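What follows is subunit A paired twice: with subunit B in the first complex and subunit C in the second.
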Partner chain A sequence: MRPFVLAGFAATISVAGMTAVHAKDYEGVELKMLAIGDTSVTRLAPIVGEFEELTGAKVQIDMFPYPGLIDKIVIEASANRPSYQLMWVDSPWVGVLGESGALEDLTDWVKRDADEIHLDDIVPIQLQENTWQGRLLAFPASGMIWHQNYRKDLYEHPDEQAAFLERYGYDLAPATTWDQYIDIAEFFTRAAGETLAGETLEKDFYGNAQAYSRVAGAITHDFFPIMRSFGGQYWDPETGLCAMDGEAALAAADVMKRLVASNPPDYLGLMWDIRTGYMERGEVAQSSYWSVRTVRLTNPDEAVLPTIGEAGYAPSPTGDGSPQPTMTGALSFGINSKASDREKEAAWEFIKWGTSRDMMRRFAEEGSGVSQFHKSILADPALQEKYPYYQVLLETQENAQRRIFHPFYADVEEVFGVELNKFMAGETETAREALTNGCTKINTRLKVFPEELRLRWINDAPAAIFQ
Partner chain B sequence: MAYIRKRNRRIFMTFLLPAMLVLFLTTIYPMLYAGYLSFRSYDLAKPFVPRMFVGWANYQQVLTSGDFLNALSITFQLMVITLSIQLVVGVGLALLVTQRLPGMGVARTLLLIPMMISPVIVGLVWLFLYFPELGYLNYFLSFVGIDPIPWITSPNWALWAIAIADIWQWTPFIMMGTAAALTSLSPEPYEAARIDGNTRWQVFRHVTLPQLKPVLVSLLFLRAIDAFKIYDIIFVLTKGGPGDSTEVLSLYIYRQSFTFWQMGVGAAASFVSLIIIVVLITLFFKSLNRDQTA
Partner chain C sequence: MNKPSTQQAIFVYTLLGIALIVFLTPIYLIASSSVKPSPIMFQRPPAMLFEPTFEHYRDLFAMRPFGKFIMNSLVVALGSTAFSVFFGSIAAYAISRIKHKRMNDIAFWILSMRMFPPIAVVVPYYIIFKTAGLLDTPLALIIVYSTANIPLTVWLMKGFFDEVPSALEEAAAVDGHGLISIFWRVTLPLAAPGLAVSAVFCFIFSWNEFLFALMLTGSEAQTATVAVMSFWSSDAVQWGRIMAGSFVILIPGVVFVLTCQRWLVRGLTMGSVK
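Entry: the complex of A and B
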């Protein structure tokens, strides 16, 4: 009898505790969130009513496409009276929004509520992704890595394996180098009428799909991870100026140029979602992208791969196959620094609720994949079986480096987006010319600032929450 | 009498005041403010950048920028392509719909529809048509054995794709103006030309066209101003890409202002664009006056 009494007592305390935290404390508060219409938000949006039931605060999420979202957020941040109290933040924006003071510093709240939010269970790099000059300015809602997805059914097909071995002299397997990646892309690129995995193709099949579009710098979202996989860096540590025209950047541009022949003919218009769409429909053999879209490959409502669940996942290839830090990213929620104190508190409650470990586990168990960021969820064997990419997410983040973070990130994305797109389109003759143009334009903007300030911007001080 | 005049003036002012207020708030004040901005360093995304007077620096940056000159060149290329085709097709359609043939009334109404649609919707309609994998245009072309055309994803095609959408939307404008002019032409010169035994082409070339010239010049001028400011269709279809093959002046201004957040540079580029339009208007009126004097 005694254990039952204790269990009942514990349950009572637990419920009482939750009631104490929420208890409709925020009745009358209305929060609006400026957000993206992607998996980091779409999973949560339909259930925000539950948060209102718990706390009394009403939440409205307005979802927009990624291109143009940063523009809306910057305009919102520059307004004196905010329309949105909550903002969806892609981690590279943290420099832009951090230096302008647009986001509330969450450091103290996170420290205060460390136990409640299971701080120790969050992959550290995902928190670091959201820091600016040591302050935590947003909280992860999805933790991403950039990695390769491939058609496991094709890779494991005996005919394809034999043909590949004969043509290239090594086994068909997920690429560890970019040269292998290009070989595989080339191998699987076939015209209608040819055979693929024993079946005659009705239409052209492509070996690969990457983002080449200039729109909102989409091409840079694939170019920079490749550049980093060659060991490249964004900034010169001595001067704080652009270093995205070095040898690693040239090698990355060369990889993307060589992949053009294996991409669909509309490659210059491939944005994130169009590129992942090719993979989700099973129309390409491989595609490397952010895991926030990978989650769709396990969901029959979102992907129509010929054999759903047959996608394979592997870390990003590197220049010579030797390990390089994985490129991470975080899709996060931040609080508008101009919101009222009460709104800020309610917004923090919402962030805690919407990104909690329980909520993330619930998403995972309900079947809607989310690019997770809690170590215990990523390491759960049952969930790993359901979402095979969890293992890649977990393992690769042991050696990871955050994405670009800088007040001039939007400039970098736009300038390099256009310059790289021009190179891929053949408007600029060489990669060196394209990248030099890009760096010259960025440096023109940066050189008006003192070197001391430029160096401060590129200094990735650890967040105070880690101290 | 003086009392009535004074009262009338008060009534005029009462009626004019709301319109003048709206004009001031929506046109004059924003223009003056843009003029003020064009001489200042003002970065909306980077409040830490000092906002100060920079003299002509923004104008210098715009006029020495390769991107600006490229955008100007593309704007003129697009103007030449669209206006020349719209003129030829528009006049042809006007000649057709002014014939006394059955169904011409319906045809005229149908042909006017594109002009009434918002350019953003026109952009979306053509996006569906041009869409590389799923677009209707390539689907229909496949029936006649033509390989898919990368309409909006190839630098060789993108400007033409935009031109086609613009031509589709605005040719009816030329048609409508020309058709109105055609119906008001005096019949005497035609009778004289017929009695002299002229062919249809000669009648068109030497009788119709000279009479239409002032109308056509006005129509083309209005279209040129519009074409110079083209933005919506390009924003929806290509956003200036691939590369910078469709980046027109309006898009260049947008990027400076709302991507790089250099509001001063964007304002300066807007004023340079305004000056170009003013020069075009002046040249137009001068040539019109010369024609009338002759």
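Entry: the complex of A and C
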């Protein structure tokens, strides 16, 4: 408990300091935030009154559905007198929002307030996630990685370990290669009546749960990290055209196809959370997904697993076991570029307050830890005990690569969602055909634009923050 | 008409039973999922017996001002329905009674208002309402929905007015009734089933509409459909809350249709003149 008490004391001092600094500087300013009902927002919404007490600025958070929010943001940014000064931003959106000029560049503010926001303590890739052409368009409120979750209790069961060793010739442990991942999935796939960890199964048990649904491009959220773990990239660096039909992409499609046999039978309909539900109920041996959902695996109010077993966490496997950059993502807050100067300043104060290290620690201590982006929080032993996956989050982001940030992100997700889903369903015969179809459709749209522009779109120009 | 045989009755009731199952299963799934604990929401095979929880209903109203959003939906849906049925009926009566060589063109032009894809006009609507200061108000949605509902009402009501014999109106004219009186006291009551049908369609469209409600509202005028979907976030789709909201949303629609049902059967009066 002692670290929590000390942290709370530190937070109190910090808030007191903030009170002295701001002292109702923004009395009369009203800010509205265009957001979703994401944890990064719902944990903040009930306490915005505290910000008003500190600064005088009143903040109202409107929550909308995730589907359609990006369109609402773009439309909002087209108005000269915006209704919303603050925007919730998913990091793959920075391309389209950057090109539309919807978001204010936060670079200078971040540089100015580097000490206040503990810039050195923020995982760098989380800032890069929100960067477009060297400009920082949003500030992380929740950082995430794509990693594997597994049934630690099953992996450590002596009977299972012995059986696995006998069958595959190596020790049962979290997979480091996709071949191992497939072996483990195959090993643990069992029918009702068979034995699992010394007990007779009352219903079927599955080796893994991955998302194969085309709805909202869910399948791509698993496919792209696997593709990247084989060293694949989205775009051809010479032409700026689609490169998601190369060898790495083919290998990733092959992995997903081979995993179908050990996936639950409704695999084609598995979206993100329905897929994670299998892991949360302890009905599968392993499942890889975004870490924003991982926190549930230790919460008995949200998952069955904590009451019947134990979850383990590990980095994503790679093609040959050698390190590949971990795929990251960020859920962030940005400022409407059309807001007035005073509103922008107040909005930046709000972002600093709502994403501050003290606030993030407070959330973690209160239970809504989700995905953090401060190194000191991820490295905190007490918090690591509470959120065991923090260790994986911290270590894997040393070697990480951001998600897709192209202005045609939505098209890629939609097109490849359909093409990959058709391949997994057997409607398309080969992976090459599916991926070629996907790239052809994307390239048809991209070729309308000059190569110079296409190359600019794929250029991950680093944020000027650290210069 | 002969009384149906036992076999025919069994056949008909079997078909009705199947139809009932088809139509009621989604409602059952919504209702059961709304009281199912989150951890077993997608359990396979589906959990049929479980201890129901009302946490999703509690969260629905605790995490969002859902009562206010329901009221917004009611105001918008009833407002648009009343507006559309009133003006649509008048327009339909004119089109039905005025004999002019271009009247069919006008009728088609009105219908064409429904032909453009909604997404194509979202931005213009947004700019118009932003400029007029109507953004995030129920009035904006009432106006938008009425532009879609009035053409529907016009075409539905025109058919009903065409069916009302002109002899009845001529008789009323002989009795000294003016045009408005004839319309109000004679023609409109006889077309009451059409009004009920139009009102039902207008209400259901306005009640369920999502795209315009998403784009043109904020926290003040947000409707229940948008509010329910706001439980779809990036890290989770809160199906329990969505199902609880969906079930609550079903209720006013059902009540409205049942209320109008009485008027729907009054089509029998259409045969009052031989």
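Everything below uses one rule, namely that the second predicted complex is superposed on the first by the 433 of 467 C-alpha atoms of A that agree within 3 Å, B and C clash if a C-alpha of one lies under 4 Å from a C-alpha of the other, contacts with A are read in each partner's own complex, and residues count from 1 in each chain.
Note that a contact is a pair of C-beta atoms (placed from the backbone, for glycine too) under 8 Å apart; a residue touches a chain by one contact, two chains touch by 3 or more.
Since the model is a prediction, treat every value here as computed from it, not as a measurement.
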{"item": "First (subunit B), second (subunit C), both or neither touched by A:162", "value": "neither"}
{"item": "Contacts of A:47 with subunit B and subunit C, given as first, second, both or neither", "value": "neither"}
{"item": "Partner chain(s) touched by A:422 [first = subunit B, second = subunit C, both, neither]", "value": "first"}
{"item": "Subunit B versus subunit C as contact partner of A:66, first or second or both or neither", "value": "second"}
{"item": "Touching partner for A:32 - first (subunit B), second (subunit C), both, neither", "value": "second"}
{"item": "Partner chain(s) touched by A:407 [first = subunit B, second = subunit C, both, neither]", "value": "first"}
{"item": "Touched partner set for A:75, first subunit B, second subunit C, both or neither", "value": "both"}
{"item": "Touching partner for A:99 - first (subunit B), second (subunit C), both, neither", "value": "first"}
{"item": "Most subunit A residues touched (candidates subunit B, subunit C)", "value": "C"}
{"item": "Subunit B versus subunit C as contact partner of A:215, first or second or both or neither", "value": "first"}
{"item": "Touching both subunit C and subunit B, counted on subunit A across the two superposed complexes", "value": "67, 71, 75, 78, 264-266"}
{"item": "Subunit A residues touching subunit C - in the complex, by the definition given at the top", "value": "32, 36-39, 42, 60, 62-68, 71-72, 75, 78-79, 81, 83-84, 90, 203-204, 264-266, 271-274, 277-278, 280-281, 283, 290, 292-293, 302-304, 331, 370"}
{"item": "In the complex with subunit A, residue positions of subunit C that touch it", "value": "38-45, 63-64, 122-123, 126-127, 130, 135-136, 211, 214-215, 218-219, 222, 226, 229-239"}
{"item": "Complex contacts: residues of subunit B adjacent to subunit A", "value": "44-48, 132-133, 148, 150, 152-155, 239-245, 255, 258-261"}
{"item": "Residue ranges of subunit A touching subunit B (in the complex, touch as defined)", "value": "67, 71, 74-75, 78, 96, 99-101, 213-215, 264-269, 407, 410-411, 414, 418, 421-422, 425-428"}
